[in-house]
Amino acid sequence: MSTIRPAADLEADPRVKAVFDDIRATRKSDFINNMWLYLAFDPALLESTWQEVKAVMATPSTLDPLVKEMLYIAVSVTNGCSYCVHSHTAAAKTKGMSPAQHAELLAIISLAGKTNQLATALQLPVDATFDADRN
Amino acid sequence: MSTIRPAADLEADPRVKAVFDDIRATRKSDFINNMWLYLAFDPALLESTWQEVKAVMATPSTLDPLVKEMLYIAVSVTNGCSYCVHSHTAAAKTKGMSPAQHAELLAIISLAGKTNQLATALQLPVDATFDADRN
Amino acid sequence: MSTIRPAADLEADPRVKAVFDDIRATRKSDFINNMWLYLAFDPALLESTWQEVKAVMATPSTLDPLVKEMLYIAVSVTNGCSYCVHSHTAAAKTKGMSPAQHAELLAIISLAGKTNQLATALQLPVDATFDADRN
Amino acid sequence: MSTIRPAADLEADPRVKAVFDDIRATRKSDFINNMWLYLAFDPALLESTWQEVKAVMATPSTLDPLVKEMLYIAVSVTNGCSYCVHSHTAAAKTKGMSPAQHAELLAIISLAGKTNQLATALQLPVDATFDADRN
Amino acid sequence: MSTIRPAADLEADPRVKAVFDDIRATRKSDFINNMWLYLAFDPALLESTWQEVKAVMATPSTLDPLVKEMLYIAVSVTNGCSYCVHSHTAAAKTKGMSPAQHAELLAIISLAGKTNQLATALQLPVDATFDADRN
Amino acid sequence: MSTIRPAADLEADPRVKAVFDDIRATRKSDFINNMWLYLAFDPALLESTWQEVKAVMATPSTLDPLVKEMLYIAVSVTNGCSYCVHSHTAAAKTKGMSPAQHAELLAIISLAGKTNQLATALQLPVDATFDADRN
């Protein structure tokens, strides 16, 4: 079930085809996952979203590619985005996440979920030392 | 403002003092932040929470200490927990997070917030290849 | 899958039948969607919920009916409510949402998801000029 | 800071005065908290919101008044609504919540926050026995 | 669909078997739900999670067992955790939740969802009287 | 309080100055709000964020500028982003949102918050007719 229906021949649109070709080249794989197949209903949204994902996630940077996927999982789990949890967990495994690392990731994000609730329930005042504006 | 008021002499309770001493020893610092000062209203809750935070966050493991803090920030931002964003950002800086890494962390968690919205708005079907049960 | 099971003959209850009749009359359609079929397990909750939905969403007001549906989608996506995203996207299409408007809606709510994360991660102080109490 | 500014003499409006009088009578207290002072910018919204809060929270029912406040706190903490956490924690204390019960409430809602993260991260299939439609 | 695949013979691991045996003994039932079957991929995470759930949820305390389940449901609904809503609603029914109580639970948590939105949209200042630090 | 401290002379950086100049020109105002002052710690993040906000929010499109701001408010309220609720409510007022429209916006997003909770608590099956893939 979804809220839009992808066209029968998505790549008949040259803008869509160009993005899909770049996804395949960047990932060195023929597989195009549903995120892109469904976003293709609006070529401009497809283009801008892919450009940003490519720039942030597929470009060498100060953080390790596996760490980036774990951060993506952390946000996606907290937002309860089922599709995103699946796709980024699969990506993290492809990038080498071991079962022990996966378990540790779960331990951290579930502990954060727990202490977030405690801090909010207590309505903790922020310690002055944490304020970057004063340091 | 908070929802409980810490007692005047928290460490008069030996259970509280034992936890605070362990926090100081573990962190090699005299500073006790508000999370622990306020949780001390219930020594059992203080003990169990600290034991878990210490086990998950302050014990050598498969993930780098800075990565752990970044994951904690990712969850805390997504949950909108102001206190937690402050305390874990401060901790990440103490563990060496550079401005460039901070900016990259923000780029990733904000992009994840964006694509989570897209995937949920589209109600994307999960690609069969992402299902661990089948692989 | 659901957490309650609708009775076999819901409309045998006159309070349920009265609400369903009003839904049909208001919408000029025989179709009753699952929200109402399942809420019918408690006629009082069914009545009060429908009365509020009718008053807010199906009564002429200062906002356009399509705009109202888009606002409903924005909240539902952010809350990750799958049923609600489906039902209100279908309703928006019935009220004339074009593919271009749908794409723009997605661009806005996903950008908001992104900048919400940035503002929370930065823990931005609110500009004094935004405070209605002072203006 | 707020997004609207209450009028100087709110009770000059008879609809506002009627609601405020009912709040005072229902709660047997002269104190009107900010929720109602600020909602008064729109008398219709003030009326409908107060009627619902009164019906659900201040009318004898199948659940204990203190339990109701605890449920309200649980939702408010999870939504990160600072005002609501404060007001309903204060209300729960007025209704007799002991420090031990407060601590247990925090233990439950923080554990739920933790296991919610685990279930979502694992994308657990729902056990067939939990499906009310089949039972 | 899930993000990990349980091993064929989970109880071949003595740590897993010990936890499963304790779950069966505590609940006086042979049924082990998916939360535990899937968490078993990491015996340490399984052990610590079960110990905490048992301590908080299955130990006599200041709150009634049914109230605890309702609080769990309130958090799980707000977080949008489908699995958790199902499992804790089933548990609440087993502990005696009547349809009338179920309906009232829904009325409270949906009203809280509503007023949380109002308070956040208005950015209400917290009334000074709600501040525990000052009282 | 914030998690980064803006530099003393932000516009000494030509990339920052160029973005600020474009913000001033686009908005026809000298005022730069804190979102941009704080994002300036990373010029690349500042540039990409502003370009996207400008393209989505400040370019003529299929949706009315006030409607766009209302959608932004809806997401920001649901995410509990205090800064964003303030800044976009102020922007909506600048674009002509009347008190009656503001009240109606609040009625819709709070009703959506309420029915989202009901749909999630009931775990409603999605009606087949809502599935775009089948239509």
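In order of appearance the chains are A, B, C, D, E and F, and numbering begins at 1 in each one.
The rule we apply is simple: contacts are C-beta pairs under 8 Å (C-beta built on N, C-alpha and C of every residue); 3 or more make two chains touch, one makes a residue touch a chain.
Note that the coordinates shown come from a computational prediction; the quantities given were computed from them, not determined experimentally.
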> When every step has to jump to a touching chain, what is the lowest number of steps that links chain D to chain F?
Replying inline: 1
> So which of A-C, D-E or D-F is the twin of A-B, meaning more than half of its contact pairs are the same residue numbers?
Replying inline: D-E
> Of all the other chains, whose mean CA position lies farthest from chain E?
Replying inline: F
>> Can you compute the centre-to-centre distance for chain A and chain F, using the mean CA position of each chain? Integer Å is fine.
In response: 21
>> Using Cα averages as centroids, what's the distance between chain A and chain D in whole Å?
In response: 33
> In chain E, which residues are in touch with two or more of the other chains?
Replying inline: 1-4, 52, 75, 77-82, 85-86, 89-90, 100, 105-107, 109, 111-118, 120-123, 125-126, 130-133
>> Thinking of each chain as a vertex joined to the chains it touches, would you call that graph a line, ring, star, complete, or other?
In response: complete
> So in the complex, which bits of chain F are touching chain D?
Replying inline: 80, 85-86, 89-90, 99-100, 102-103, 106-107, 117, 125
>> Considering only the defined contacts, which chain C positions touch chain D in the complex?
In response: 1-5, 48, 52, 55, 126, 130-133, 135
> Okay, in this complex, where on chain C does chain B touch?
Replying inline: 73, 77-78, 80, 82, 85-86, 89, 105-106, 109-118, 120-123
>> Going by the contact rule set out above, which residues of chain C touch chain F in the complex?
In response: 1-4, 31, 33-35, 38-39, 49, 52-53, 56-57, 61-63, 67-68, 70-72, 74-79, 81-84, 86-87, 89-90, 98, 100-101, 104-105, 107-109, 111-116, 118-127, 129-132
> Can you name the residues of chain D that touch chain F in the complex?
Replying inline: 1, 3-4, 41-42, 44-45, 75, 79-81, 133
